[in-house]
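Both complexes below contain subunit A, partnered by subunit B and then by subunit C.
For the complex of A and B:
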């Protein structure tokens, strides 16, 4: 079977998983459904021959699952009141989605065929990457040599994120302690 | 540490004590071979963070806190981020451009090749491992505080 068939199958599976994650009542089942979506992305990366991304996506999915399970699985989190469905709003949303889809069909026709790269820079990386950087793994040569500036930005984002998390949660802890003392 | 009531059962603790080093080894392998095989700093760093997380889940928060210096982890995280920037500035000094690959390239397929890509991989791996573990640590602490209050 061609890759596109597999990708379509995985995409359908992921859409199904996200619908289940949204609609199911039990929060643990919802978390598992989110995991299905993430692992689907990982498998799709494998089919697209991107093992680096597949590894990272797989690991981050497990990581996120552990965080979610650890954060949400408690007795008091399990109770969830069923949301009331407004039929009028659902109809409007569906109409808007269909309108966007129909109007974007002409854009889909402009897309390059599957497997044909749009950027010519990529072929330079593939042809000269190992020669110019000495790295056999082309992904490493791109993210740490050609586009190392991007990676610096990512490191900064991660640093800011952990800084913000620790700062906010420490403030909260201090407040709680103050309330206990008062 | 094994006798404490915290954490999971004795079986989990014993298995964790053996397997966590294999996980750490795999993470280090992925980071060091980042320029040769799929993986690299981010993937290996997440594996290292998961190994720490494994210890935390198996042995409980307080037992982990006894032998894990969190201030030290925060310092390592900040230092590796700064060193990444420093490598970029070193590129200006030695190569003329920011973050340029100024070390000798070596022969392809060798472990010591590709200039400063392995160094940057190691820095990213350490940084990602420490920050992800710290995020989970802080969030888990918040959760336990909440549980204690209610």
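For the complex of A and C:
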């Protein structure tokens, strides 16, 4: 089977999975459904010849599932309350989204067709990457040599996010404990 | 083009969840869906017909490789998404501890 058929199948599966994840009441089922969608992305990356990305996406999915389950699923985890659904708002937003989708079709027609990328900057990387950097894996040669400053920025963003997480989750006991001790 | 449109539809499913859901966890999940759709779209854009992964092998011509540049940038984006998700989860945990509810319409009062 050609790649397009596989990808169409996987993408349809992912759309279905994300609708299930958003509409189901049970939060644990919802988190599991989002995990299925992420693993579908990982398989799609394999079909699109991106093995590095498939591995990273797989790891991301596992970590995200662990974080979400650890944070929100307790013994008495909550089930989304059957809120008095504002049907009018839902209908309006669905209509607007469908209108955006329909009007975007003409935009997507302008893109180069699937399977024929632009390949302008990247042709230099593909042709001279190994001689200039010595890396056999061209993705590694780009993130660690040609675009090393981007990677530095990425690490900075990641560090800031983790710093924020620790700051928010830290339990401020140090001061009180010191007072009690004194 | 069908694939691009389906990817865009996945993104719009995420936007729909962001607009209509009130549960904090559902909002975090919709952001994750939007992230998946954008990453997948960039990689779809980089695919070249009958090409192989961008790792140099012995008897393979360099002209038959997929575009490595979007792959490198999406690798960065996936890692940042993990950090963002962790930050959102931390914020949600603190909000739930303070207000005892997951419903964002009930989180109104500002008190410190």
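Just so we're on the same page, the second predicted complex is superposed on the first by the 167 of 182 C-alpha atoms of A that agree within 3 Å, B and C clash if a C-alpha of one lies under 4 Å from a C-alpha of the other, contacts with A are read in each partner's own complex, and residues count from 1 in each chain.
Quick note on the criterion: a residue touches a chain if its C-beta (ideal position, glycine included) is under 8 Å from a C-beta of that chain, and two chains touch if they have at least 3 such contacts.
Keep in mind that what you see is a predicted model, and the values were worked out from it rather than measured.
Enquirer: Does the superposition put A:149 against subunit B (first), subunit C (second), both, or neither?
Expert: In the superposed model, A:149 contacts subunit B only, not subunit C.
Enquirer: Looking at the overlay, what does A:137 touch: subunit B (first), subunit C (second), both, or neither?
Expert: both
Enquirer: Of the two partner chains, subunit B (first) and subunit C (second), which one does A:94 touch, if any: first, second, both, or neither?
Expert: In the superposed model, A:94 contacts subunit C only, not subunit B.
Enquirer: Please name the chain, subunit B or subunit C, that touches the greater number of residues in subunit A.
Expert: C
Enquirer: Touch check for A:103: first (subunit B), second (subunit C), both, or neither?
Expert: neither
Enquirer: Please work out whether A:161 is in contact with subunit B alone, subunit C alone, both, or neither, and reply first, second, both or neither.
Expert: Once the two structures are laid over each other on A, A:161 reaches both partners.
Enquirer: In the overlaid three-chain picture, which partner chain does A:51 touch, first (subunit B) or second (subunit C), both, or neither?
Expert: A:51 sits against subunit B and subunit C alike.
Enquirer: Have a look at where A:67 lands relative to subunit B and subunit C in the superposition and call it first, second, both or neither.
Expert: A:67 sits against subunit B and subunit C alike.
Enquirer: After overlaying the two complexes on chain A, where does the subunit B footprint on subunit A coincide with the subunit C footprint?
Expert: Residues 51-52, 56, 60, 63, 67, 71, 130, 136-137, 139, 143, 151, 158, 161-162, 165, 169, which sit in both footprints.
Enquirer: What residues of subunit A sit close enough to touch subunit C in their complex?
Expert: It is residues 3-4, 7-8, 11-12, 14-15, 18-19, 21-22, 27, 30-31, 34, 37-38, 41, 44-45, 48-53, 56-57, 60, 63-64, 67-68, 71-72, 78, 80-81, 83, 89-90, 93-94, 97, 100-101, 104-105, 108-109, 111, 113-119, 121-122, 125-127, 129-130, 136-139, 142-143, 147, 150-151, 154, 157-158, 160-162, 164-165, 168-169 of subunit A that touch subunit C.
Enquirer: Provide the residue numbers of subunit A that touch subunit B in the complex, in ascending order.
Expert: 51-52, 54-56, 59-60, 62-63, 66-67, 70-71, 74, 76, 130, 133-137, 139-141, 143-145, 148-149, 151-152, 155-156, 158-159, 161-162, 165-166, 169, 172-173, 176
Enquirer: Of all residues in subunit C, which touch subunit A in the complex?
Expert: Its residues touching subunit A are 1-10, 12-17, 19-23, 25-26, 28-30, 32-33, 36, 39-40, 43-49, 51-56, 62-63, 65-69, 71-76, 78-87, 89-94, 102-103.
Enquirer: Write out the stretch or stretches of subunit B touching subunit A in their complex.
Expert: Its residues touching subunit A are 30, 34-43, 46-47, 49-50, 53, 57, 74, 77-78, 81, 84-85, 88, 98-99, 101, 105-109, 113-117, 120-121, 124, 127-128, 131-132, 134-136, 138-143, 145, 147, 149-150.
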